[in-house]
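Chain nomenclature is as follows: A, B, C, D, E and F, assigned in order of appearance, with residue numbering initiated at 1 for each chain independently.
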Amino acid sequence: MFLQIENFLTAAEVQSIAEAARQAKFIEGRRSNPHNTTKDNEIGDPNDPAAQRAAQIALAALQRNEQARNFVFPQRVAIPSLSRYAVGMKYGAHVDAAYLPVGAQPLRSDVSCTMFISSPGDYEGGELVAHLGSEIVRVKGNPGCAIFYPSTTVHQVVPVSSGERLVVITFIESQIPDQLQRDMLHALGEVRALEGLKMDWRNRTQLEYVIANLHRMWSR
Amino acid sequence: MFLQIENFLTAAEVQSIAEAARQAKFIEGRRSNPHNTTKDNEIGDPNDPAAQRAAQIALAALQRNEQARNFVFPQRVAIPSLSRYAVGMKYGAHVDAAYLPVGAQPLRSDVSCTMFISSPGDYEGGELVAHLGSEIVRVKGNPGCAIFYPSTTVHQVVPVSSGERLVVITFIESQIPDQLQRDMLHALGEVRALEGLKMDWRNRTQLEYVIANLHRMWSR
Amino acid sequence: MFLQIENFLTAAEVQSIAEAARQAKFIEGRRSNPHNTTKDNEIGDPNDPAAQRAAQIALAALQRNEQARNFVFPQRVAIPSLSRYAVGMKYGAHVDAAYLPVGAQPLRSDVSCTMFISSPGDYEGGELVAHLGSEIVRVKGNPGCAIFYPSTTVHQVVPVSSGERLVVITFIESQIPDQLQRDMLHALGEVRALEGLKMDWRNRTQLEYVIANLHRMWSR
Amino acid sequence: MFLQIENFLTAAEVQSIAEAARQAKFIEGRRSNPHNTTKDNEIGDPNDPAAQRAAQIALAALQRNEQARNFVFPQRVAIPSLSRYAVGMKYGAHVDAAYLPVGAQPLRSDVSCTMFISSPGDYEGGELVAHLGSEIVRVKGNPGCAIFYPSTTVHQVVPVSSGERLVVITFIESQIPDQLQRDMLHALGEVRALEGLKMDWRNRTQLEYVIANLHRMWSR
Amino acid sequence: MFLQIENFLTAAEVQSIAEAARQAKFIEGRRSNPHNTTKDNEIGDPNDPAAQRAAQIALAALQRNEQARNFVFPQRVAIPSLSRYAVGMKYGAHVDAAYLPVGAQPLRSDVSCTMFISSPGDYEGGELVAHLGSEIVRVKGNPGCAIFYPSTTVHQVVPVSSGERLVVITFIESQIPDQLQRDMLHALGEVRALEGLKMDWRNRTQLEYVIANLHRMWSR
Amino acid sequence: MFLQIENFLTAAEVQSIAEAARQAKFIEGRRSNPHNTTKDNEIGDPNDPAAQRAAQIALAALQRNEQARNFVFPQRVAIPSLSRYAVGMKYGAHVDAAYLPVGAQPLRSDVSCTMFISSPGDYEGGELVAHLGSEIVRVKGNPGCAIFYPSTTVHQVVPVSSGERLVVITFIESQIPDQLQRDMLHALGEVRALEGLKMDWRNRTQLEYVIANLHRMWSR
């Protein structure tokens, strides 16, 4: 399942991140996935203070957003990273690694997130394309928009043919690693939030009984 | 989980079964569980026409009862059997066998069912007692009452100290073998039945999305 | 995952089905899902000989198509059904039922299939839309094209605003009910088919070891 | 499954906890479950030194009790809390939350525990009632008695009609989250403890083979 | 796990099968696994009456053997097949197919079985070798001996360098497809058979509680 | 599955460990498994500096060996321990404990490891024997050789009849606790390593899609 949230970052935050990106040092993106010969982009140097500022803004947005939290069931979040595609750059079809080396214990990536900084009008090409067998989902968000998608999906960034694509990406370990289970728990949570107060107490308790027990059963 | 349904059998059906039991030939109950040295009761001879009449009445009640169906998710039902406890008889603590030899393919017993024919006033002792660790559940139903309980539970029939206990028992293979999963699906079905029509269409669709997919996921 | 196959039905088969549809009696589609108040279409009467002819043609196509078989791992297939949407008709967002009453034993619907008979130019609206959270996949196939999609997905047919939409639909119980597991087994099967003969024997055996054992482990 | 242990707390410990409760500050219980409008009790203020003393006594009892350990397979324990019901107070039917905010990482509540401090003669009503579908289990323990029950169960504290009910409650994350699995591993552990030394060495090794491997397989 | 049973076939049965093999028509073994270019043996023609006689003898032995039944938990058995290796013949490393086309519904092969007809002295080479990573298990049984091994294992028959190797092979679908689960249930069954009557009744009931519930939980 | 790696320790490391063993204090092995009356060996005192030196050498070898890492998917490793069998000593058939008390959180032992220090010619008997039902795997490695085997297996060290057997043993918690799952992921990893660069990009991506998603799905 996909979740696109408009204005995930405020206009001011988008501005600050764009500003930080202008100051930050960028390095070859392939460093994080050397076997993918089709990866050709640039990422903010994790040791660069401006890149770190951008990461902190993105992280704060993730932590405050209740809609995202209810959808992702986050357990741990990787440090967000600036990612830049100049003309001709791209990231060929790939699946995100199962585990990322984060701190003392590897982080399992269950949900991937892209936050759009550039405006769609600033570049041609560069769409995020998720492959679902013969069909695709194609995303090119507004500045400040965030898209969350399962890390289990094969996806790519198609070549940028003009302009520049600047995004922030991150990876989230979920309490509920399985995508369908996570989505069902999210759906029941929505039913409770939107209908719970109208329900007879007994029925609401039945619904909470199921939600609490699925949460126990499916978390890892 | 337990489900006790009053008037599962009509008064006329209770009468007919009691009448059939008076005519039927009974055999040693231990035949169906020879290793249980504490089993001491009598069951209707499956080849006896009167016993078969009683079985048919019980089977018809099972097939028409929607409340039981929504609770049990029945897939196959064993032929019900008359079961009689005279003074001093009992069935010590045991767990029902996982598989019963029924027809060409063994039937997995997931839910056990006792239908009460005798009146509680007709006999002393003879309660069905389910053991849940240090606590117990004790059932002595009215004539026509049926109790459904998980076959996974250790349970017993305590000795009859006066009068006679006549019941019909059967075993049901469920589409949802796991007890907690079956109960959660039942709970969501109740929420849908009692609250669904009041919900916004989108929320109701979310609920049905979860119910259909849990049903797929958990059935065997 | 989705699989769209062009020319799943030959031009002659499309013609025969369209012809049968002109002769067949149609009934209200809601009959098969009375609780969905947004369902408004017509289905071929299963007792009508012309509708049955159309079903047989569709079934034969399913049985001969190796690409579909490798994707779906079919175990049982429901009798296909003509489905017709005149102007204004639609099928609101819903999830396909977990079980369909087919023959002696209910059929679990794991994969849903739509075969397009009308030409996309023959009608406006009427797209099949699958909801994947905030994103959608939208399909309007050429005549003879078939689309396979997971029955677990919330999907709809948007209102037809002009012309008529004629399709054949069916539901398939898969050996591998879980969508991600089914897709992974399909992916490994493709790797074997396309790369297996180039591999060293030992590596090919390793790949087959995994495929055979996942097949055992995941089938139900 | 339920486990009731008499004298889980010594008489001196019961006395100390009762004494601490007289000194401690209590706050509204609903604070920990604001959505439950039927929750009406008082809990010891976690910042109050007397309440903390009571918690430490209860925690020490949990850590030393081998019978409880073999039943619960504890992994983490929440800080125990004083809980007080004056006349008219109650806690309506509810299921305990899946996760509690404890320290850096949320604690999954698999087993709930109530330790009785008041004497059953000190208050009317106030029983802990667990709902198992249509049947119930009702517990009103002696001072010092502890009852362990699955957090998955819908349960309630019925209104206190006279006197005061004082208990200590806590929540335990188990190595074996699933209730039936935990109970089966406990049962095999009892068989080994009580029969193991009488067995032939080979059979005992077989039993240990199963216990060790189920423990690996089911722990999370 | 492996189970080797000496005298699984009586001497008379071995003789009858050897006799039937002399009369039966044999065909290329690769027919059943055309993609395995290292398969080079001969199998009894399933339409040949002598081959069918041999199959019936082997099948009867499978059905009467309690030790095998307790180890395999058989659900369905494929028709056994004569298999012959002349000098130079072999069957390279492979894993048995997950499903065999048997009757109306494919049979999942969980346990493979070889019954030895030739005497080990009658041929050189021809051992059955199961690969367990870097280690192997090597079997060359006496006439009438049967070996049962998991179909999940990569195994081979090494080239026969002199004489002739005649065996009967078959494939069994188990109630308990997972190898470790099947072995644990077998181990508990042995503990019950060998120690059960010496146990206190309560402990024996605990053991049966676990056996029955694991059987329910793990069967498919 | 088993993995035997020759020269896992260099000749110099073997020498250093042998030297450390001559200086180290040894204690009764039964200390770590007091219930196993057939355990009769000696282990290096964990508080002895020479024993600690030996442990560090073994640990470093584990950390640098890529072949072992790809096979074991290590998450945590217990401190290795010197283990010595003088004439007459042995360790009867047993299964390794599910959890070992290591640091703050118990370590689940999924894979067991023995590194051989003595030369096979230095002692008679003393083989490591793993029981796989009626068949066995027997290992007596060269100095510096390491054998990895599933902790789920019943195994033993047969009595030493002459000389002395010196080994280092340790226990590893794997990201993939289930043995068959771990082995399948290892097999796919080998296919990728040995065949991946020859594959078409799309097929390689399909293979990586499966590997990453199985890794997510099966890790705990």
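Here, contacts are C-beta pairs under 8 Å (C-beta built on N, C-alpha and C of every residue); 3 or more make two chains touch, one makes a residue touch a chain.
Since this is a predicted model, take the numbers as computed values, not measurements.
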item: Minimum number of chain-to-chain contact steps, chain B to chain F; value: 2
item: Neighbouring chains shared between chain B and chain D, ordered by label; value: A, E
item: Smallest count of steps, each to a touching chain, taking chain D to chain F; value: 1
item: Pair exhibiting more inter-chain C-beta contacts, B-C or D-E; value: D-E
item: Proportion of interface numbers common to chain A and chain F (over half same, under half different); value: different
item: Length of the line joining the C-alpha centres of chain C and chain E, rounded to whole Å; value: 39
item: Rounded Å distance between chain A and chain E, as computed from the means of their C-alpha atoms; value: 51
item: Per-residue multi-chain contacts in chain C, two or more chains; value: 152, 180, 209, 213, 217, 220
item: Chains grouped in pairs wherever the two touch, ordered by label; value: A-B, A-C, A-D, A-F, B-C, B-D, B-E, C-E, C-F, D-E, D-F, E-F
item: In the complex with chain A, residue positions of chain D that touch it; value: 37-38, 92-99, 108-110, 151-152, 154, 177-178, 220
item: Complex interface listing, chain B residues touching chain A; value: 180, 184, 187-188, 190-191, 194-195, 198-200, 203, 206-207, 209-210, 213-214, 217
item: In the complex, chain F residues that touch chain A; value: 201-202, 205, 208-209, 211-213, 215-217, 219-220
item: Parts of chain F lying in touch with chain E, wherever the complex brings them together; value: 1-4, 71, 132-137, 139, 152, 179-180, 183
